[in-house]
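Below is one structure, written out as structure tokens; comments come after it.
Note that the chains are named A, B, C, D, E and F in the order they appear, and that numbering of residues resets to 1 at the start of each chain.
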Amino acid sequence: MERKFIKDFQENTNISGFFIVFAKDLRKTKSDKNYLDLTLMDKTGSINAKIWDNVEDFTAKFEKGEAVAVKAQVTSFNEELQLRIESIRRANVEQDSVYGFALADLLPSSTKDPEKMWSEVQQAIQSLQNRFLKAVVQNIYTENEEKIKTHPASMILHHAFRHGLLEHTHSMLRIAEGVCQNYAELDRDLVITGILLHDIGKLIELEPGLTTDYTDSGNFVGHVVLGRDILLQAIAKISDFPEVLKLKLEHIILSHQGKLEWQSPKEPAFLEALIVYFIDEIDTRFDQMKREIESDRSTGDWTNKMNYFHRVLYKGE
Amino acid sequence: MERKFIKDFQENTNISGFFIVFAKDLRKTKSDKNYLDLTLMDKTGSINAKIWDNVEDFTAKFEKGEAVAVKAQVTSFNEELQLRIESIRRANVEQDSVYGFALADLLPSSTKDPEKMWSEVQQAIQSLQNRFLKAVVQNIYTENEEKIKTHPASMILHHAFRHGLLEHTHSMLRIAEGVCQNYAELDRDLVITGILLHDIGKLIELEPGLTTDYTDSGNFVGHVVLGRDILLQAIAKISDFPEVLKLKLEHIILSHQGKLEWQSPKEPAFLEALIVYFIDEIDTRFDQMKREIESDRSTGDWTNKMNYFHRVLYKGE
Amino acid sequence: MERKFIKDFQENTNISGFFIVFAKDLRKTKSDKNYLDLTLMDKTGSINAKIWDNVEDFTAKFEKGEAVAVKAQVTSFNEELQLRIESIRRANVEQDSVYGFALADLLPSSTKDPEKMWSEVQQAIQSLQNRFLKAVVQNIYTENEEKIKTHPASMILHHAFRHGLLEHTHSMLRIAEGVCQNYAELDRDLVITGILLHDIGKLIELEPGLTTDYTDSGNFVGHVVLGRDILLQAIAKISDFPEVLKLKLEHIILSHQGKLEWQSPKEPAFLEALIVYFIDEIDTRFDQMKREIESDRSTGDWTNKMNYFHRVLYKGE
Amino acid sequence: MERKFIKDFQENTNISGFFIVFAKDLRKTKSDKNYLDLTLMDKTGSINAKIWDNVEDFTAKFEKGEAVAVKAQVTSFNEELQLRIESIRRANVEQDSVYGFALADLLPSSTKDPEKMWSEVQQAIQSLQNRFLKAVVQNIYTENEEKIKTHPASMILHHAFRHGLLEHTHSMLRIAEGVCQNYAELDRDLVITGILLHDIGKLIELEPGLTTDYTDSGNFVGHVVLGRDILLQAIAKISDFPEVLKLKLEHIILSHQGKLEWQSPKEPAFLEALIVYFIDEIDTRFDQMKREIESDRSTGDWTNKMNYFHRVLYKGE
Amino acid sequence: MERKFIKDFQENTNISGFFIVFAKDLRKTKSDKNYLDLTLMDKTGSINAKIWDNVEDFTAKFEKGEAVAVKAQVTSFNEELQLRIESIRRANVEQDSVYGFALADLLPSSTKDPEKMWSEVQQAIQSLQNRFLKAVVQNIYTENEEKIKTHPASMILHHAFRHGLLEHTHSMLRIAEGVCQNYAELDRDLVITGILLHDIGKLIELEPGLTTDYTDSGNFVGHVVLGRDILLQAIAKISDFPEVLKLKLEHIILSHQGKLEWQSPKEPAFLEALIVYFIDEIDTRFDQMKREIESDRSTGDWTNKMNYFHRVLYKGE
Amino acid sequence: MERKFIKDFQENTNISGFFIVFAKDLRKTKSDKNYLDLTLMDKTGSINAKIWDNVEDFTAKFEKGEAVAVKAQVTSFNEELQLRIESIRRANVEQDSVYGFALADLLPSSTKDPEKMWSEVQQAIQSLQNRFLKAVVQNIYTENEEKIKTHPASMILHHAFRHGLLEHTHSMLRIAEGVCQNYAELDRDLVITGILLHDIGKLIELEPGLTTDYTDSGNFVGHVVLGRDILLQAIAKISDFPEVLKLKLEHIILSHQGKLEWQSPKEPAFLEALIVYFIDEIDTRFDQMKREIESDRSTGDWTNKMNYFHRVLYKGE
């Protein structure tokens, strides 16, 4: 019985594997018999699963949000695949890693190599000429290295996966190079620093884990203002940090959503702030459109309109 | 020659007085002669003034934004009163106070007694039951007493005058009492504290003086976020300040404009935040409508539409 | 078998009770057998109910919108409680009041004492100084006493329950006192009268009963304009009613929704109209936010976004 | 010295004529001499005029809003024609009709024959089959015949001239015939009656005269609601008027602006109300676009964007 | 066994007939048995249908989008009628016309006679005075006669049925006559031509057939721009076509949606373009409101709000 | 008497030079004497100018929109410089080039070298791999080389100067390189071609010359649709051009404004269209913000709010 990921499941085969329990509901059949209705997830997708027998035993063995080891048969219902579970139990690293259990396999994750992205981001930091900007970024990136490497960039909208924040930042830095070369008026150091720090408040706003959620700080205050806090704490450790430079960095973070109605308390008031906003916008919308096109299940060459853009998108070649 | 305020000037009389120079432009007549075109201001209003003679001498004696001593004749042009200046010079406290010069006469100011308002605000602070909330407000109000007593509440829109912030806060507190008594669900301490601190960032955002202006911090960051800074600095000095209480206060300040498009990065997420927003809204719009009605110069019982509300307002009895 | 209200039902118990039939649909099982799918309601909530047996007999015994006497077993489906009905019949006051049947138990209702609220509203009317305003309110409140005491304030949005209109009006009056004391410019009599009459058109717009619905007049004309009709009819009985006072009252009613897009054909054009609008706004939004927070069933300290405010609300302490 | 209308004035000629004084301001020249600055108007247009001499005498002889007899020289200033007035006095019918004075010459007016339009409107009334609708329209049109014949349809936006209301109504009736023939579903009587009454509240909202203005009722209540009053008063005199028919007529008047933000407290809820709204819309926008194109003074084939439509309009052939 | 249309089906009868397969899904019962879930459609409506037996045989005999011959029993489920299919096979004209199979019976269609409408449209074309306009319309209508006669006017929103485009155009022409007679300023030929061509791009945008869908050109380019292509191709064949006339026709087509946000790249810039837009608007909204009222299934005299207009509509007499 | 450009003029000097007459108005002084009021322009700015003497002679010698040779004295009025013209006549290349007359000196122009930009644009064209895309761009760029080199990119909003279209296109190409390298999903050829052609309709929409204006085609049709015409004409000459590729190019041009309300009849429906829109947006907004900051004349470090962005912008270092 082969170890497979969800995207490779085929009808009428038996599988074993590890998954995260995304949803778990106890229901009754028409004939009043209990069963468990689950949604299981690994990094390649999600699938509905049912437990028809021994429901009372099994339901005690795991909770929603946990990682589980599963044996099941792949069936189908309404033309979608479904698992009929034969056994299920909580998984854990000590016991199950010999069977191939690794949390990284369960969580959707960037398709790019995080260490390579991290290394290129470090080069961008090294390239900064302004010693104040370089110091403030180094402080923040050194102190938060582990978090920055693994954090998602959002809950749902874009780069909503492990390493998502790093992938988003890394992608923006690559776009920024061409933009800064094109416009002689731009202070490249300020643009690069702005990109590196614009979403840093996400480290506080979002609580990653097996499933991502907003923290209380995230809901009460929001990543835009929280990111400025991280900036100001780092600046406070650097002597003689120029006042206007500090204000400009604060403003870039506060205005990076670009529009007041997107929770930015200020809109871009100078060229570098405008550019950080636009590069963020490009990378965000690009990721959203790519995913909407990939995930649409309509027949034919066009998606339906039920997506972020509220319009049909072209899926053909 | 009598000392008079602008609102009491009458055509074809001579006056002497002290004013702030709100605008000063050197212009030429059709016949190519230099003259000075001024706007002078005291606490009762503003008036256009001309210097036709000795222009070169007079122009060197004062700058825009300064207080001046003036002798002039009251004429009229296009049915509006105007000054024909005979002499003008910089005013100063040492020399001119014997002649009745007092800065307080030149700046528009609250019509209410600031000491009385301050005293009632202090009573509101004393009435707080929650020792954390009381401490944080006391710290901030003690440290900023002088500023809070005199600051305007905005540049133009509402309470845009000396003591305006105090008058606005004081007025909101009075409304809050009835509201808190009416809704048993409300934590009165949180509402009162929210009102006392909601606009505290204005102390940093606006630079008062002979004329009010935005500071760099005001333009780059804004009073909403700056007010939260003042709050957090005060909380940092109080040990064991409860975390959720801190977040709620932050949220009240961040959301008090009520709508994202009004530069609030969050919108009210609990009842006390909703109430602080609404009481702020009432006091702001009330002051605006009152002033629009008072300052409208249309004939008849209705204002024109050129006001904040974009509609005709009733001026009759 | 104990008499219980819906909010106190527990799985695997038997109950008997009286309910309003909010929905009644005849359906078929997969095996082509008829069953009845009902929604039952009392003042504490609503619950789904099924009749699997003797469907043809039972379906003839009651209609949607009627009060019924029910015996049933409390089961659960999809983690929500459900009733399996054993017997059901029409309830009526004559026969069933001995068993505890009272319509007041079936309809959601204000949690405040209507007689106490009515009495305080009467005091507000007595406090009016202006004899014309006092007369017009007294006429309307005397003539419509029974209706005003029991009417809901809306179908769904706020105070959508028995005595809702009275509770809403009463609450607004309490807030108004502090506001009128705070602003010397306000004509208190006009504000109080405006509050007492602003929603009076709801008496015609909404048809209360076991379930509230819009009348034809409500849909064709709307409570804003219908309220002005009631006002004008009362004024017509008072001799020498001052013309401008009449127009101001009409305007307060017509503009009390505050914004054209909320079905107000005029927006507030003087201070008292502005204040009536704002106090209505506060009491409406407060009630909505309170209910959204109470009724949200998400886990954790935050509601989901599927509410009137389209944002997460804080439910924690 | 020939009697001429404003549109026929030519530079360097002398004219005499009768005009309405649209604006009258006493001003001073640079050299401090009083002069009168006037705007004079007849049915063909308006012109600026100056009185440089005998200002004190002349200013006593007429007021703004009156009709005057004038002798003057046609000069030009900034490429626009201007009058230099030699004599001016109040005009009156008794004395001046022998000189050709007629108020109708002074007021801009429909270019169509009011008696002919009135007669065709009467035919439309006669054509109504439903006796209730016929009666209500006849009552209103008989009682208000003189007013309806001469009233403007608005202050500024469209048909803002003598007989404008009649021209607007008449034009809508002509369009309605084709529409009613096209859609068998329409109740023609209801559409025709709706058109005849939709703007009837303008009789109260606007105070016509030498210059049009809003009445207090117009500002406090508005023509939409006032028109329904006229309707209800007329219906009250007709016995057995069907209730739903009454509500539909009320609704047509209340919803005829089509959108809430245009001061309609309801939006069209049945086909006849939708059609009355659309025909009103066509006639209103047509008149506006026609006038914007006629009155634009840009060179070339396109207007500028400073018009109701906020876009360039084509003026060429 | 009688030949019946869907709207005439009655429970517990047997039917045979021809239908279009609008949806076809293979599903499993709780007991894991395959069945087919279909939606069948004819010109009178649509109905759900199940195949419980011989699923594998039947599923091979037809595809979604095809016409089929069906024998079935009419049952009901959830108070809606449903078919239990006994036999099903692909239908075709050669074999089945003797049994009454006609595609025209399967597709919803205009209730008006297409030949009569076509003939009246031809009269409108003949009535054109301007030889260039007449030529361009004749070219297009001759070349596309068959398509124009049968095309729907939209996928869903209005006139979404066979002959819908012709019915919509025909209806607009009838309205236009009265409008053109009313406004002497209008160039009737231009209005009539504009109406005849405004939606001509729908011939390319929509792919009619058993079910209507957007073409790639429709999605990438849209009917507004595609319609101008058809116009320009026809004009290219006519020598000396006046340049401004060509531009005006282009503009009428490009601006006929009236508003930029409705995919019109220009808004009407002259009177004829404004009129074509408004007549299109009337006919479109009229058809929508009529269908919303007809298709609403709420009890009582009012529709619910779940319709194009987002408000309740009156369904009573 | 030195040859100087407008930005170098100093009060109380005499100048001679060549200018374009941007505005020319005949006016009268208070004393009724004719004078000419002109606005003159060269590539460095614009200035007001007066002709007080020999007005009749001079006015015959030139028209608005022509190039003129001028001798004048630099004076000032209202603190702005002004010319008092002593002589003026039409300039022409034959006669005046020896005196330094060159049209290029009179028109505002890109600060970048057009030949260098053109050469880099040619390299971008050469780099295209897809032979169809390369052919279509080469055809269009070869045929329109002179126009593309000199055209402005807009009338007012951005790159509104000689070579503006080339500068805008060139700048977008430079940004595109980094973006295409960053996103492996992008078809670089399609993005580059989209950029090269997105604004090509401006060649028809705008009539450059001494002053830029919209053509009739520009006003009736607009550059978005006109640009697609140029594309289609070029594609028609290339055999076997793939259909979907053609549609994608059409869509990129039609959707490049990004939003329906900005006159794009479609919004981007695939990734390359999204990217062309965003790069256009960046370059447009960057140019606007840069120019708003440069041209603002407020004192202090902040612009006023009277700019495209409706907010204060930072002008300091």
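Rule of thumb we're sticking to: a residue touches a chain if its C-beta (ideal position, glycine included) is under 8 Å from a C-beta of that chain, and two chains touch if they have at least 3 such contacts.
Keep in mind it's a predicted model, so treat the numbers as computed, not measured.
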Option in A-E, B-D or C-D whose residue-number contact pairs overlap A-B by over half: C-D
More contacts between chains, C-D or D-F: C-D
Whole-Å separation of chain centres (CA-atom averages), chain B against chain E: 62
Separation of mean Cα positions, chain F and chain B [Å, integer]: 44
Overlap residues in chain F, where contacts from two or more other chains coincide: 30, 216, 219-220, 244, 248, 269, 312, 314, 316
Interface residues, chain A side, partner chain F - complex: 171, 174-179, 181-183, 185, 244, 248, 267-271, 274-275, 278, 281-282, 285-286, 289-290, 293, 309, 311-314, 316-317
Interface residues, chain C side, partner chain E - complex: 25-28, 30, 32, 213-214, 216, 219-220
Residue numbers on chain B that touch chain A, as the complex places them: 216-217, 219-222, 224-225, 228, 243-244, 247-248, 250-251, 254, 260-266, 269
List of chain C residues in touch with chain A within their complex: 29-30, 75-79, 301-302, 312, 314
